[in-house]
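Both complexes below contain chain A, partnered by chain B and then by chain C.
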Partner chain A sequence: MPSRFAESRSRISDLTLDEAFQTAKKLFEDLSFGYATDWKSEQQNRRIVGFLPIYVPREILHALDMLPVGLFGAGDKIPVVRGDAYFQSYICHLPRTVIEMALNDSLKDFDAFLFPAICDVIRNLSGIFQLTYKDKLVRFLDFPQNFQSAVGGVFYRHELERLAADLGALNGKSLSTDALNHSIGLYNQNRALLKDLSNFRSSYPHKLSAADHYLILRAGQVMTVEHHNAYVERILELLPSVEAIEADKIRVVVSGSFCEQPPLGLIRTVENAGCYIVDDDFQLGLKWTEGDIPDKTEDPVGALVNAYLNNSTFSSAVYDGDNPKEISLERQVREHRADGVIFCAPSFCDPALLDRPILEKAMERKHIRHIGFQYHENLGQFHVVKEQAGTFADMIKLWD
Partner chain B sequence: MSVQKENSMVKQKQMLADHFMALSEAPMTGRKVCYTFVPGNLTELITAFDMLPVYPEINSLQSGMRQRSRDFIREAEDAGYSEDVCSYVKCDIGMMLQGNIGPTDQQLPPPDLLLLSYTGCFVFMKWFENLRHLYPKAEIAMLHIPYQADGKVEPSAIEYIKEQLRTEVIPKFEKVAGRKIDDAVLAQCMNRSAMAEDLLINVFESARHRPSPIDAYFGGVYYIGPIFTSFRGSQACVEYYEELWKEVQERVALKLGPITPDGTFTEKYRLVVEGPPNWTNFRDFWKLFYEHGAVFVGSTYTRVGGVYDYGFRHSAEDPLKSLAEYCMGCYTNRNLPQRIDLIEKFIKDCDADGLVINSIKSCNSFSAGQLAMMRDIEERRGIPVGFIETDLVDPRYYSYSNIKNRLDSFFQMLEQRKELVGKAVLVS
Partner chain C sequence: MTNETFHTLGIDVGSSYIKLALVRYGEPHQVIEVINEKIRKRNPTHVIDRLVDELLERHRLRYEDIMYVASTGEGELVSRKRGHFYSMTTHARGAWHFHPQIRAVVDLGALFNRVISLDSGARVSNYTMTGQCASGTGQFLENISRYLGLTLEEVGPLSLQSKNPAVTSGICAVLAETDVINMVSQGIPTPDIIKGIHLSIARRIVRLMRKIKIESPVALTGGMAQDIGLTEAMREMLAEADMKLEVFAATQPEAAGAIGAAIWGGYRHCKLLEAAA
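Up next is the complex of A and B:
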């Protein structure tokens, strides 16, 4: 008997756009991670690895026959009962719903958890998981903040090799050159497809809503890469035939939402209030590496290391000594012909909120309009956001 | 009532006055200035280049103690910093925006070198990215210290730090100082650091006595002053700890407890504490404990600038390796199970009656996970745990009545437990 989600993997070529969006929505709302559980149950050696934002080298997991699943909290979809007993009121919301899911057995089929080094809360959440899940692999993944290949590169290679060895011990697999090259190729294809999708969205924001675009990307945090590639390819085939009239809205880049995710309602509200979101960092991890990583090499781990050191996108979690992020943000605005920036960060998010004064000043120097607000993943009232975004749009339309 | 001052306190005060004088005169004397952080500080290296260190978080806490942080924080929030983020950062940036007048009312010189030792606190990195914009002329050296996620120091992490020191940090020092590192001075500093560290541990371990001759938290923050900041590696630092250790031994011999702003008191409860203190209401906060007869016999905050409890000492044998090991070992660079182990060690070694967690709104590095730590300690040791919330230097988050209510309940729990334990002893 086919599993609940197997069907969605088999009939991609027949999907309509509505069905494609429904698939993404279903995956987004499924907090029991049925897709991953079904995938795991199909073969004995398969393992599920949950990871926190922003980025992990999913190629390594894929090459070890593991499904990387992004853990982005639960939004407003579950009541936080026990999660609040783990975190004080002044700590962001995402770890509460993650720990809630851990405690209500939503993550019981997961075999390992990865915690990338992006902030102190995610770092310490790894410690809570160490205390909670003594029988599962819990790994904090340190990324080098030194970008010299002989220094940070050597360290990062060791981290990746250690990670691969620890993960491999879960299903008795070891990382092979061929398998990793193959996985790198698949993820290259994935990033290229997502870039095409983002470009389409930026060019025709009236044909693909920001919320639907977001859900398509979110699907990539749980689908197999092979499935997601076929899925996005199909959507790209269908999108040009969408008929819609472009509205008189301004174009904005949204910045600061790379970890705890804004509620879908917030994304819709911004857009309905008159702002086409032409680029954002909601699912930054999926486009972390800019360009292709060599996939026909004798040293694919080295290729991943080099890509991290030299081809990573800009992020609040990365030291930007030689590569100031405000310049990257200005470039992003320019490339997407945006009229302004919305700084939209979760409350209590140190990386995003401590970057904001730097970025705001840089935007002002370049005469780029901006506004900012904060959210929780379970925010349910968007009236204030609507007012702010609407006023911002009106201001730009009237006076620029 | 005037505070009773011991020789070591007087000596420390003079050391600080001399240091801030040297800083204020730096533009005239030409001595170079290095801004850096307490956890993972490389004071021996700074001294080996004859540079003067400035610790922004120390300036912030001093501003908090002097009731100046409210204005500085407001200044920073007006400049765009969110109410949600670290008050140390905002206090420091606010102070800078208002002319960079330091705790001794003298203007602090701008940095020649920003040494970002990213150890145990992610915010440090963001703090320095902000400072870089405020001090565009300063040279910047980045030292990334990996986290002890698996409860042990990976050899690759030590090599990574050594390589950063060799290829990034020391060359930047040399560029700013205009000369090569003085290896002899560095070795001498490392040896002196080890001497001071031995003495500091003697002082901390004296809390095993009954009554404890020290308060390892409210007194402890003064005891760590010289070694965690500008003076580690200096002869003055060694002499300070010799004096302090002598005073502590005298108190042990006389069975005297620690000195508080209101004099001495009779020890009733022996506590361990996790988390930094509140600085804006430091004396009030302290009083909430000693008026109940509570003395802190162990504290984790006094390990943020280095954990010496497991035998680590700076060593001149392989200085870069030693500096790397030091940085890796700082308290907030240890994972939660390690932090719990250290707290449990304090509780066992000092026969503590309870644990207090002071959860700091500003400091996720400390605070995230403390509730899980609390549960684990309760399960391991079966002792009462008091959980209170304050902030470092933002007075808006210090609520005297809330804290007092919680502590009153905590002390009632402690009292009841003492009675129960007493009855159990009598029955047996």
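Up next is the complex of A and C:
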């Protein structure tokens, strides 16, 4: 009997745009991760590895015949019953739904979980998972804070090699140079395709809504990279023929939503209120590395290490004193011809909210308009957001 | 800015009514026609499409002849448009068009009330609005008038006849509606019931007006601004609160949002032309 999601992998070339969006929506709504469990059931050595935002080196997982699956909480799709018992009220919402999913067996087919070092909440969540899943590999993945190759580079290589060895023990595989080079090549292709998609969206925001763009990206957090590459390629073929009239809206960059994800309704509300989102950090992990990573090298682990040290994008979860984030944000605004910035962060998100005053001041120095608000993943009322985004758009359109 | 005149259209989608304003943009801007249609239980998008088609036909215009179609209110329900402006921006501009001396607008809508402070150029400088409670809104007043068997047009003049206003709950629409049923059964004259309701609504609006700094004169917009009984009750409540503000109903108050959207649309059209030149 064909698996539930096998069809979506087999007939990419016939997909219409509507079908493509429907595929992404189904994956987004499926909290039982049917796609991943189907994929795993097709071959004995396959393993599923869940990871929390923002970034993990998925190339290593792919090279070990594992499916990296991004865990971004459950939005408003499940009630939090037991999750609240693990975190205080002044902690963000994401870990509550992740815990809830763990406790209701949504993640039972997962073989390992990775918790990248982005904040104390994710660190604590990794501890809770270690206690909850004693039979699975649970790893807090530390990243270098020192970007010199002799210091941070040595540390990170050690982290990656240890990770590869521990993951490999789950299915008896070891990391080979050829396999890792091949995986790096596939992810290079993925980032290039997503950049093309992002450029299309920035140039023709009326032809691809921010919500649909988001869902296409989000599909990349559960699909195999081969599938996602073919899927995005097909969408890029279809998009130019979309007929739509560009509305008179302002162009904004949304910043601060890199971990707990805003509800789709919020993304739609911002756009309906008169703001085309021409760039954002919703799915930052997919475009973490800027440019290609060498994929024909004798030392592919070294290539991943160098890429992290030298070609990472910017984020509030990373301190890089030599590359101030405000300069990167200003460049992002300029490159996308944005009229302003919407600082849109989850409530109680320490990294995003601590950076916000610095970024706001920098935008003011450069006379870049900005507004800010907070959300949580299960937010259901968007009236205030609509009002703020709407007045922001009016202000820029009429009085700037 | 261009010296030419051209047509613009504003579409204000409220929770009860759809308002359209066809404007000839150019100094001075001329409001050619205003439409105010109750949605009832119909699909708002279909109603809007039909109203636009009929309006254009009446004026022998094609859609392409309208340089800027601007929505306001629930703009996502408007299928054909060039841009959207937010309600307070458009209500302020719509009222200012007829009364350039105003420095504040109170928009009395079906579900929300807004107090908007504006500068001498109709630019919004501050605002505040009601939360989600229904008491004190147009929908509430419409329900009450229905219970009393009155049309909305009858409510204002009746209120002015009151000699001994009844006291109602100023807190909750549900309680106020129960109050009205009790008053009817007690034989309280209808003008006194209506006046009591008006004073209750006015008290809530005046409380909202205290939240931000506003200056006189103040124009009332929205459907409820047509109710002369409510305007009078607001004056009484302002006097009671010792707030020296002149309030009056704007010209075509129910269409202020649509008129404002059409005018801002024209302004924006010129701005885009300038930027492209």
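As a working rule, the second predicted complex is superposed on the first by the 400 of 400 C-alpha atoms of A that agree within 3 Å, B and C clash if a C-alpha of one lies under 4 Å from a C-alpha of the other, contacts with A are read in each partner's own complex, and residues count from 1 in each chain.
In the analysis below, a contact is a pair of C-beta atoms (placed from the backbone, for glycine too) under 8 Å apart; a residue touches a chain by one contact, two chains touch by 3 or more.
No experiment lies behind these values; they were computed from the predicted model shown.
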Since both structures carry chain A, what do chain B and chain C do when superposed there: clash or fit? fit
What is the contact status of A:E335 with respect to chain B (first) and chain C (second): first, second, both, or neither? neither
Let me test your reading of the model: by the given contact rule, A:E42 touches which partner, first (chain B), second (chain C), both or neither? neither
Could you give the angle made at the Cα centre of chain A by the lines to the Cα centres of chain B and chain C, to the nearest 10°? 100
Mind working out whether A:R123 is in touch with chain B, chain C, both or neither, as first, second, both or neither? first
Which chain, chain B or chain C, is in touch with more residues of chain A? B
Quick check for you: in the superposed arrangement, does A:G321 touch first (chain B), second (chain C), both or neither? first
Identify the partner contact of A:F155: answer first if only chain B is touched, second if only chain C is, both if each is, neither if none is. first
Is A:P357 touching the first partner chain B, the second partner chain C, both, or neither of them? first
Give one of first, second, both or neither to describe whether A:D248 is in contact with chain B, with chain C, with both, or with none. second
Superposed on chain A, how close does chain B come to chain C by Cα atoms? Whole Å, please. 19
Overlap the chain B and chain C contact sets on chain A and report the shared residues. none
Which residues of chain A touch chain B in their complex? 85-88, 90-91, 95, 115, 117-121, 123-128, 130-132, 139-140, 142, 144-146, 148, 150-152, 154-155, 158-159, 162, 316, 319-321, 347-351, 353-358, 360-361, 374
Applying the document's contact rule, which stretches of chain C touch chain A when the two form their complex? 68, 75-76, 81-86, 88-89, 123-124, 129, 264, 267-268, 271-272
Residue numbers on chain A that touch chain C, as the complex places them: 247-249, 272-274, 387, 390-391, 393-394, 397-399
Inside the complex, what are the residues of chain B that reach chain A? 79-82, 84-86, 89, 116, 118, 121-123, 125-127, 129-130, 132-133, 140, 142, 144, 146-147, 149-150, 154, 156-157, 159-160, 163-164, 167-168, 335-337, 339, 359, 361, 364-365, 367-372, 376, 389
